[in-house]
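Note that chain A is present in both complexes that follow, paired respectively with chain B and with chain C.
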Partner chain A sequence: MSSRRRRIADWAFRVFTVAALVAVVGPVLWVAGGVVARAIPHWRWTVLTTTTNGASGGLLNAILGTLVLMAGVLAIAGTVGVLGGVYLAELAGTGRRGRPRGGVLRSATEVLAGVPSIALGLVGYLALVVQFHWGFSLLAALLVLSVMVVPYIARGTETALRQVPTAYREGAEALGMPTGYALRTVVLRSAVPGIVNSLLIALAISGGETAPLLYTAGWYTGTPKAALFHQPIGYLTYPVWTFWDYPSNQAHYLAFDAALILLVLVLLLLVAARLVVNRSQRHAEVRQR
Partner chain B sequence: MPFISPRYRDRVDRDDRTVGPGIEVTSGPGRSEVDLVLEAMDPDGVRPAEAIAARNLSLCFADKHIVSEVSVGFPRGTITALIGPTGCGKSTFLRTLNRMNDRVPGFARQGDVVLDGESIWAPSQDLLNLRRRVGMVFQRPNPFPMSIRDNVVAGVRAHRIAKGKQLDVVAEERLRQVGLWDAVKDRLGDSPFRLSGGQQQLLCLARALAVGPEVLLLDEPTSSLDPISTELVEELLRSLTPALTLILVTHNLGQARRTSQHTMFLYQGRLVEHGPTQDLFERPKDPDTLHYVTGRIG
Partner chain C sequence: MDLAGTAPTGVSPVGARPARRPHLRRIRSLARAHEHHLWVAGGRAAALVPLVALALTMVVLAWKAWPAARVNGLHFLVASTWKPGSTYGAVTRTDGVAHPVGASYGAWPVIAGTLESSLIAIVIAVPVSIGAAFALTERLGGWLAGVLRTAIEILAGVPSVIIGLWGALTLGPLLANDVYPVIARNMPDLPALRFFKGPVGHGEGLATSGIVLALMIIPIIASTTRTLFAQVPALPKEGGEALGMTDWEVSRRITMPWVRAGIVGAAVLGLARALGETIAVAMVSGSLLNTVAPNLYGTMGTIAATLVTQLDSAFVDGTGFEVRTLAELAVVLVVVLLLVNTAARLIVRRAGGIAAPVGTGA
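Let's turn to the complex of A and B:
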């Protein structure tokens, strides 16, 4: 190949990578800028401290509701997903010819990840809300959200564990560490970034999901009650989805405020995740991001 | 009195004899200092002269024979070098001695390995305790992703040999033993990966020594180190005898000559020759050995 052709190929490659970057970053900035620009001009701090009143007032109920949902998902889906991932990576073992076992479980999580969230919401509504007579409730919402995000967490955990260097496992084995002990003290430690990232995605999804919550959580204008059943709960995506259609400026303002608060929440999550990852990686061989 | 678990107390008694400091060594005619230390370690003379021995050991993965009918004993308190060309089965043989191959798919064995007179596969043998007694150091330094101090005591913690403040004592003692203390005493909380390769390998040695092994398996421990670090490690290895029995896999024939009392030469999975290091290098009985030690096969 002539050097001229090589230079053109090189130049074209650069242009494509930059274009791809713009295609990713551009929409993010557009969305964030659009939300901020529409929310800031009429921003009132009382949005954070008062509850919704019809289609006006504040969003305290929705903020607390979303935080409760995220915490619940972290507890339920986090536990199930991380343990499932540990099973797939560490305990399922290898079958014939050294291929990893647990194929059925792995396919099941993949199928689950492919189910549209509105379908899960509908199933949750029919089974939990109607059939079990739970009504619109925290538990119904948590279960549907958890089922939705468990595949991401399990897969993320499995992948992170599979990337842990063999040398760590061998070293632990040669010292006579019990397998479970080595897993907890040596192996999981270097898988933390991958696991935290998958949890982050799960939380962002459960914070930003609307369809399944409309079916299971209902909507509530008071602050969340400590009840698992028969008690609907507010969440930030509801005003974004519903209030936008209302014929009042107050309602539109609340919709943009809710969108802004969601963005800020996700940003805070990112920062928190980075802090956790950095802390877990202070003795790491290769710093992971 | 620092915490020492009851499970370990009898080990401490035994290890006191192996460690050395509390031992009264009275020299007498015709007995070397090594003999005296060995006697002090085993006053009743009940321990076999060979710390660990392979008996008619054959190893294969799937249908591939890696090691064939090797019978060899490793005299207590000595360093035995295990040499041979790449692929001759050295590492497989070594890793079998603390049962690191047991769970490898397709691994099969015939024959036996005997530690202190007892088969390492005997039902009464606790695998984790076996690995505590037969430690291993790898070709590439493999510190764990935790602080330097936590690395040294990782095994001590796992076996509940000591806890609390006692761990600091163990860490200092072992870091001093491997000559790393002065270099790291001010940064025990730092990441081990900021240390040089040689220091990392010394740290791994400290970690392996901290659980009080009787036999130490070394799989080319200096092959990724510079000459100065190599010399430090070799010096350390020599200082570990006669308290410990060392088996050293090496590609470095000079290292085998410098450090070991006995050498075994493996070629194509067979034990071609085994004997005192000097004899094997200077008066090899087998033509293959001669070819290898003179560099004609390798």
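Let's turn to the complex of A and C:
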């Protein structure tokens, strides 16, 4: 191969990598900028304080509904996911040949993460909403969302626990701490940033979901009621999904406003998740010295 | 955090604090003595939840889909009709399963649409992800690489309904006005390239769906690929450079072979995500049920998008047969995804247990 051809190939490769990077990062800015540019010109602050009326009005019901759903997911999926991750990382023990046990449970978690959210939503609709006669309800939505994000939280917790140095566990044991007490006060405490990170990402995912909610939560134009059954609830993705192609400007503005609020909410959660990890990594470096 | 700060100074946790109420103290000391058992019991129950949820999902879908599968037959996978039949009372029975007269379902158009749009997504996403991962690990360093890495993670977390909104209102019309016509006009008129010619539509269709899907799976593939590249040891690369290899040759002959299996695994994980993506595709595909897209730009539908757009109208069917048919469609999707995901994990495991993210790259 001539050196000229080699040089041209190398140059083409460099250009390609930079172009690829632009093609990846550009759309992030484009999507975010596009939502802001569509929402800001018609933005009214009353969107935050009034409820939806048909396809116009405000989004207070949807904002509160999304926050209620997030809180519920944090309670249900947070508990189940963290406990499951703790079990897989710390308590399942080692089987023969020193391999970690709990392989079936871990595989089930990974497989569940691969089931598309619309399939989970359909199951929630068929089983909970119809068969159990719960109707469009908060509990049906919470269960479907929780099943969806539990794998992320369990995986995140397990990974965070595996990064805790073995010396911590040995030190705790050498001090005579009971196993459970050492797990709670020494091992889990060191893994808190990683666990919080996975919880925040799970919240961002559940806040941004549409498909599993359409047929479990339904849609409600009033502020959320304190009822688990037979009471639909609003959420921010619904106005975007439903109103964007309505034949009215009011509906479009509402869709854009909902998209903007949703984007801000999700970005705050993701940035917070990032900051938690960055801070913990700084700690880790100090610790090693 | 240091150990001395977190452990109580008395070390022994039982009875470390003088309690005012003795029965409360006894309960607390009992709980502490058996704390390990509490953790094991709770953890075991929680770790079982995904397994139980997965089993219930399968059972519910199969139970709902089975009657429809018996009536629709294997024909369902290859036929191209989606006719709910007469919804005004006329009900008939086939094999004891009630359904409206004239109901006839075939899922081939949406199966084909699912495969085609995901294929387009993979063809775009894999080279772009690899290129971006190279730029991030080999070219840039310091704060800029950190900022761009975060941007990619954020793209993974943007809700699909927002990407769909952008695809439907901004990207789709732009492509239909300025890009598709140019491709369709300049493509040579050969039988093999017919697929790229013909009417370009208004931006809703196969090509737009594929591009939007590519955007959504790039973060998964790029972040995994970046992790893989970062794990390639420096010595072989430096050796290559010392022999006078260019950057391109080092990448192609040393870095890529080192992590090839891992990249294939990441790409298959991305493929699984593309196959199951629902909302964004439902917004940019045109949601067609009866026809396979005639060319690259034609409107189409996918399995997941059909589930979300058709369930509403399926309620009209008083016999519940269309809902059962949708459940059957969901079974097809879930089975395909399980196969693809399993293949991805086997490939990644073989590549040496490289930790691929569970789902999104975030």
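Simple rule for what comes next: the second predicted complex is superposed on the first by the 245 of 289 C-alpha atoms of A that agree within 3 Å, B and C clash if a C-alpha of one lies under 4 Å from a C-alpha of the other, contacts with A are read in each partner's own complex, and residues count from 1 in each chain.
Heads up, the rule we're going with is that a contact is a pair of C-beta atoms (placed from the backbone, for glycine too) under 8 Å apart; a residue touches a chain by one contact, two chains touch by 3 or more.
Just so it is clear, the structure is predicted and the values come from calculations on it, not from any experiment.
Asks: With both complexes superposed on chain A, which partner does A:T216 reach: first (chain B), second (chain C), both or neither?
Replies: neither
Asks: When the two structures are overlaid on chain A, which partner does A:E170 contact: first (chain B), second (chain C), both, or neither?
Replies: First partner only, chain B.
Asks: Could you say whether A:L183 touches chain B, chain C, both of them, or neither, answering first, second, both or neither?
Replies: It touches chain C, and chain B stays clear.
Asks: Counting only touches as set out at the top, which of chain B and chain C does A:S206 meet: first, second, both, neither?
Replies: neither
Asks: Scan A:S137 for contacts with chain B and chain C and give back first, second, both or neither.
Replies: Neither: A:S137 stays clear of chain B and chain C.
Asks: Counting residues of chain A in contact, which comes out ahead: chain B or chain C?
Replies: C
Asks: Taking the contacts chain A makes with chain B in one complex and with chain C in the other, which residues are shared?
Replies: Comparing the two interfaces on chain A, one with chain B and one with chain C, the shared residues are 168, 171-172, 175-178, 181, 185-186, 189-190, 283.
Asks: Per the contact definition, I'd like the list of chain A residues that touch chain C in the complex.
Replies: 6-7, 9-10, 12-14, 16-21, 23-25, 27-32, 34-35, 38, 79-84, 86-88, 90-92, 102, 104-105, 108-123, 125-127, 147, 150-152, 154-155, 159, 168, 171-172, 175-181, 183-186, 189-190, 201, 204-205, 207-211, 214-215, 237, 240-241, 244-245, 255, 259, 262-263, 266-267, 269-271, 273-274, 283, 287
Asks: Give every residue of chain B touching chain A within the complex, in rising order.
Replies: It comes out as residues 98, 100, 105, 127-132, 135-136, 138, 140, 142-147, 154-155, 157-159, 190-193, 204, 207-208, 211.
Asks: Looking at the complex, which residues from chain A come into contact with chain B?
Replies: 94, 97-98, 165, 167-168, 170-178, 181-182, 185-186, 189-190, 281-285
Asks: Can you check the complex and tell me which residues of chain C touch chain A?
Replies: Where chain C meets chain A, its residues are 1, 3, 6-7, 11-13, 32-40, 42-51, 53-54, 56-57, 60-61, 64, 127-132, 134-136, 138-139, 148, 150-155, 157-166, 168-170, 215, 218-219, 222, 246-249, 251, 272, 275-279, 283, 304, 307-308, 311, 323, 326-327, 330, 333-334, 337-338, 340-342, 345, 355, 358-360, 362.
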